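Pasting a structure below so you can have a look.
All chains are identified by letter, namely A, B, C and D, in their written order; residue positions are counted from 1 within each chain.
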Amino acid sequence: MMEMVLYAGAVGLLVIGIAGLVLSHHLFRQVLALVIAEAGANLLLLLAGYRFGGEAPIWSEGSFPSVMVDPVPQAMVLTAIVIGVGIQALAIALLIRVRQQTGTLDREQAVIEMREALDQELGRFSTAPKPRSQYAPKGERPLYPVVEEGQDAR
Amino acid sequence: MHAENLALLVALPLLTAFLLQPLSQKFAVGWLAPLTVLVTLLLTLQLGAGVMEQPISSVMGGFVVPMGINFYLDGLAWLFLIALQLSLLLLWPRGEQGQSVRVQVLMLLLTASSIGLLLSGDLFNLYVFYELLAVATFGLVAAGESRATAIISFRYLLLSGVGSVLALTGIALLYSHAGTLNLGHLAELVASGELVLPLSAFLLMLLGFGVKAELFAVNGWVPEVYATLSPRLSALLAGVVSKLALIVIVRLLVLLFPTPEASQVLLLLGVLGVLSGELAAWRAQDLRRMLAYSSMGQLGVIFIAFSLSVEAGLLVGIMLSLHHLLVKPGLFLLTEQRFQGWSMVLFILFALSLVGVPPLPGFWAKFALLTGLVSAGGWINSTALVVFLFATVVEASYLFRVVQHYHQERERHQERGRAAVSVVGQDNSGVWISTLFATGLLLTAWQIQPISDYLQQLAVQAGDRQQLSAIVVGVTEGRP
Amino acid sequence: MVESIESWIALLLVGVMLSAALVALLSRSHLVAVVSVSVLSLGLTLLFVLLKAPDVAMTEGVVGAGLSSLILALALSRLGLLRSTKAGATDE
Amino acid sequence: MSREQRSLEWTPLLFSGGLAFLLFTLFIATMFGEPPMRAGAMIQQAGGVELGAANLVTAVVLGYRGLDTLGELAILFASATAVGLVLSTQNGESDKQASVFPDKIFLGEIFESASRLLMPLLLLLGFYIIIHGHLTPGGGFQGGVILAIALFLPALARSGEIPLNHATIRLVEGGAGTLFILIGLMALMQGESFLQPLLQPGEIGALFSAGSLPLLYLAVGLKVGAELAALLVHLSGESA
């Protein structure tokens, strides 16, 4: 039963994370979802080295335990956890910048801003018919709204 | 040359990266980073002397193989190492971006991780280098000039994050079946039939490592990122770095999953990549995104090539990769400024080769794929063949639409009695570097026979699992 | 019997972790979401102890429950998400 | 624009359900509890003797898979560098924002004096964990994180100066990473391979044992501490 529970937990975290990443409309929640998915993957990796009745691979009372769990996945999970936190910090930093650049943390809104900025910066070559993207804004509006700092906090 | 020195190729760029920031507070160190790459290039040349006859393997820390991590240098890795480091030297960011110590540091980390990806013989270690490559790329994307850099980099980070979670899951699955992650050791176990790895592990790792290789379904980042990066960095990422992830995937396919099912998955994703990439490129509104989409399509073609049988597929795939490695950076560099005169000539040359016009190398690579697909037979391969031919037509149409557009623009300018376009003091280095790539292309066209013989040898070596496990694990007896 | 006790603890922890994950993604308040991610990390830490991985447990405890939560809390303040709820985040 | 109007998207949910089922069955089919341990068993036999580390995980992290650890340090370094790049391009802007911000974490005087008391204790604990990494659970990563938090606490409480300035952090960052690589290179210079453990393994369980592993862990701890401190400083928006 134990493996059922553990694998259900790990796979559950992984899938909740990935689904949350796809479904969230808020960029900050997407970061949280990534953190959750990573936790699930780490747990899966650790489970790959578990042994029934095994002890932690540490010298105690003059000898190593006779049955030990596999130390290799443990070392790899250690590495993966630290990698994960580095990426998480970078994601947060990028989010802070996203808010400065586009003034929003809503996913769709940010994508619209991005496409507008790109179209404006790269518009060099236009022989193909201009397609209306589903994200294109309706009606007249300034190409790039100037957003004051801290506007959405008020 | 001492085989243990393989580690230096990764250690030296890392060392310089760590030292660069403290040093830069005292001295101007702009030259130190490229110099390091030059040193590793020389080291590579020295190490690779006998590698075509006998690949070398070196275990970090001097442990026995399944315990320690090994570096493995064969002809394939060596060739791409040289290509990587030459491209790095040519495309090293200059100007305002190059002044920033942080950008230099990230470039060095990119260098170290790329070299690591080519050399490492351990799956989890590959994952670590892959993550390092990813993080360095996020930083470089965010350092771009566009107003949308942060959101683009963030979206790339999320996609890549999902990829790495999937890859990690694949590694976990593989480890719980095999109990080892060394590629040589695994290859030996798989070849002897002692171990059957689940295809799903391949799928998970394919999606994970495929993010950087512009594999279909995980290539959503490509147009945005290449549109915001400076042309040099786009050239570097599209030209060389994508091939490194590709080589990782190919090694997985050849060494661990030599089953028809795995190849078919690759073929399917390749076909979808070709279709989506080329059609998107046809509809693209600007040159950079067009090139980015077309790069997705061409990577798809390369995936199709690698999905052929090991003997035929490796050779064709390597040919196509090398061709793309010469052409795509050249094209991206041309987007640095407006087209005129010489850059137009270069663009047409690259476009002709990309489409596959006879004396140019692109033709030979595509022809090899064509014959490969025809001789492989079966309805799947025939479908791939049709898609591939269709893609070539689409490719030709959009590339020459660009030529036509710029030609018309130029004539319009001339009618108004103005010089085409001449911005005073424009930086022309992009065109010069692009010229170098074009020279490489023409040299290849000239020496096509010896080069393809060499690649043939290379492919045979890269497909030789027994040699690999013999060299890496050191067990040869008891196996024919 | 030890086996089954461990199983029950594992079941409890997994339940807590999965619900924390759901709360983190579904709750309206960002603060609650961050707190649930920390709870998830704590649960994972205990599970790692149960799986005889003290090193990993320590890392997860320090990194996941400590540092990562600190980073997310800083993010909340820097992104101005402490007051606004998920729905109101972009309504200006 | 209200979020409530967005209907639940069923396709991704169904897809995730399928994925969950697939992964679950895949992993259930593995040999849980009795892993093959091809590499692991060898390490368990050889690890203690070869490296003299009482904690086998440490032996793997710094010995057998030392390259992974180096790569990981590089990732943290890359991440800190990228964060610096992202958040420093608009320094003026972010400073203005920090002062305008209504939501700044405010922690009272109690926390401030507590943090002053706590900091040396945490520093001590961090170093203790680092130097006992080869004996007991814990080591460079865990200790390093504690160091970073200890250094950051006063900043959080006083929303001001950090006991270390940026130049020092950078020096430690660079120095510790260099130390790790140099220890690795020393073996290479002696004709052995990169990252080969130096010195004698010594007696398992003693503080001065496991050869150069404690030194490596010290480098890891300092590096991790410096990187994370730099990250936290950048993220908190302090212009240190």
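Heads up, the rule we're going with is that a residue touches a chain if its C-beta (ideal position, glycine included) is under 8 Å from a C-beta of that chain, and two chains touch if they have at least 3 such contacts.
These numbers come from a predicted model, not from an experiment.
Undergrad: Return the chain pair with more inter-chain C-beta contacts, choosing between C-D and A-C.
TA: Higher C-beta contact count between the two pairs: A-C.
Undergrad: Based only on mean CA positions, could you tell me how far subunit C sits from subunit D in angstrom?
TA: For subunit C versus subunit D, the centre distance works out to 19 Å.
Undergrad: Would you kindly tell me how far, in whole Å, the mean C-alpha position of subunit C lies from that of subunit B?
TA: 38
Undergrad: Can you work out the whole-Å distance between the CA centroids of subunit A and subunit C?
TA: 14
Undergrad: Could you please state the distance in Å, as a whole number, between where the Cα atoms of subunit A are centred and where those of subunit B are centred?
TA: 25
Undergrad: Residues of subunit D that touch two or more other chains: which are they?
TA: Residues 3, 23, 27, 30, 32, 35, 37, 39-40, 43, 55, 57, 64-65, 68, 71-72, 75, 78-79, 82, 86, 101-103, 137, 141, 228, 231, 235.
Undergrad: Residues of subunit C that touch two or more other chains: which are they?
TA: Where subunit C meets two or more other chains at a single residue, that happens at 53-56, 59, 63, 67, 71, 74-75, 78, 80-81, 83, 86, 90.
Undergrad: Which positions in subunit B are in touch with at least two other chains?
TA: Touching at least two other chains: 124, 128, 131, 135, 138-139, 142, 150, 153, 169, 173, 175-176, 179, 181.
Undergrad: For each chain, which other chains does it touch, given as pairs?
TA: Those chain pairs satisfying the definition are A-B, A-C, A-D, B-D, C-D.
Undergrad: Considering the complex alone, what residue numbers of subunit D touch subunit A?
TA: 3, 6, 9, 12-13, 15-17, 19-20, 23-24, 27-28, 30, 32-35, 37, 39-40, 43-44, 47-48, 54-57, 59-61, 64-65, 68-69, 71-72, 75-76, 78-80, 82-83, 86-87, 90, 93-94, 96-97, 100-103, 135-137, 141, 204-205, 224, 227-228, 231, 234-235
Undergrad: Provide the residue numbers of subunit A that touch subunit B in the complex, in ascending order.
TA: Touch list, subunit A to subunit B: 14, 17-18, 21, 27, 30, 34, 37-38, 40-42, 44-45, 47-49, 70, 72-73, 76, 79-80, 83, 86-87, 90-91, 94-95, 97-98, 100-102, 110-111, 113-114, 117-119, 121-128, 130-131, 144.
Undergrad: Touching residues of subunit D toward subunit B in the complex: what are they?
TA: Per the stated touch rule, the residues are 22-23, 26-27, 29-32, 35-43, 46, 50, 63-68, 70-72, 74-75, 77-79, 81-82, 84-86, 89, 167, 170-171, 173-175, 177-178, 181-182, 184-185, 187-188, 191-197.
Undergrad: Mind pulling up the subunit B residues that touch subunit A in the complex?
TA: Against subunit A, the touching part of subunit B is residues 124, 128, 131, 135, 138-139, 142, 146-155, 157-158, 161-162, 165, 168-169, 171-173, 175-176, 179, 181, 224, 227-228, 282-290, 401-402, 404-405.
Undergrad: Considering the complex alone, what residue numbers of subunit A touch subunit C?
TA: 1-2, 5-6, 8-9, 12-13, 16-17, 20, 23-24, 26, 28-29, 31-33, 35-36, 39, 42-43, 46-47, 50, 54-56, 58, 69, 74, 77-78, 81-82, 85, 88-89, 92, 95-96, 99, 104-106, 109, 150-153
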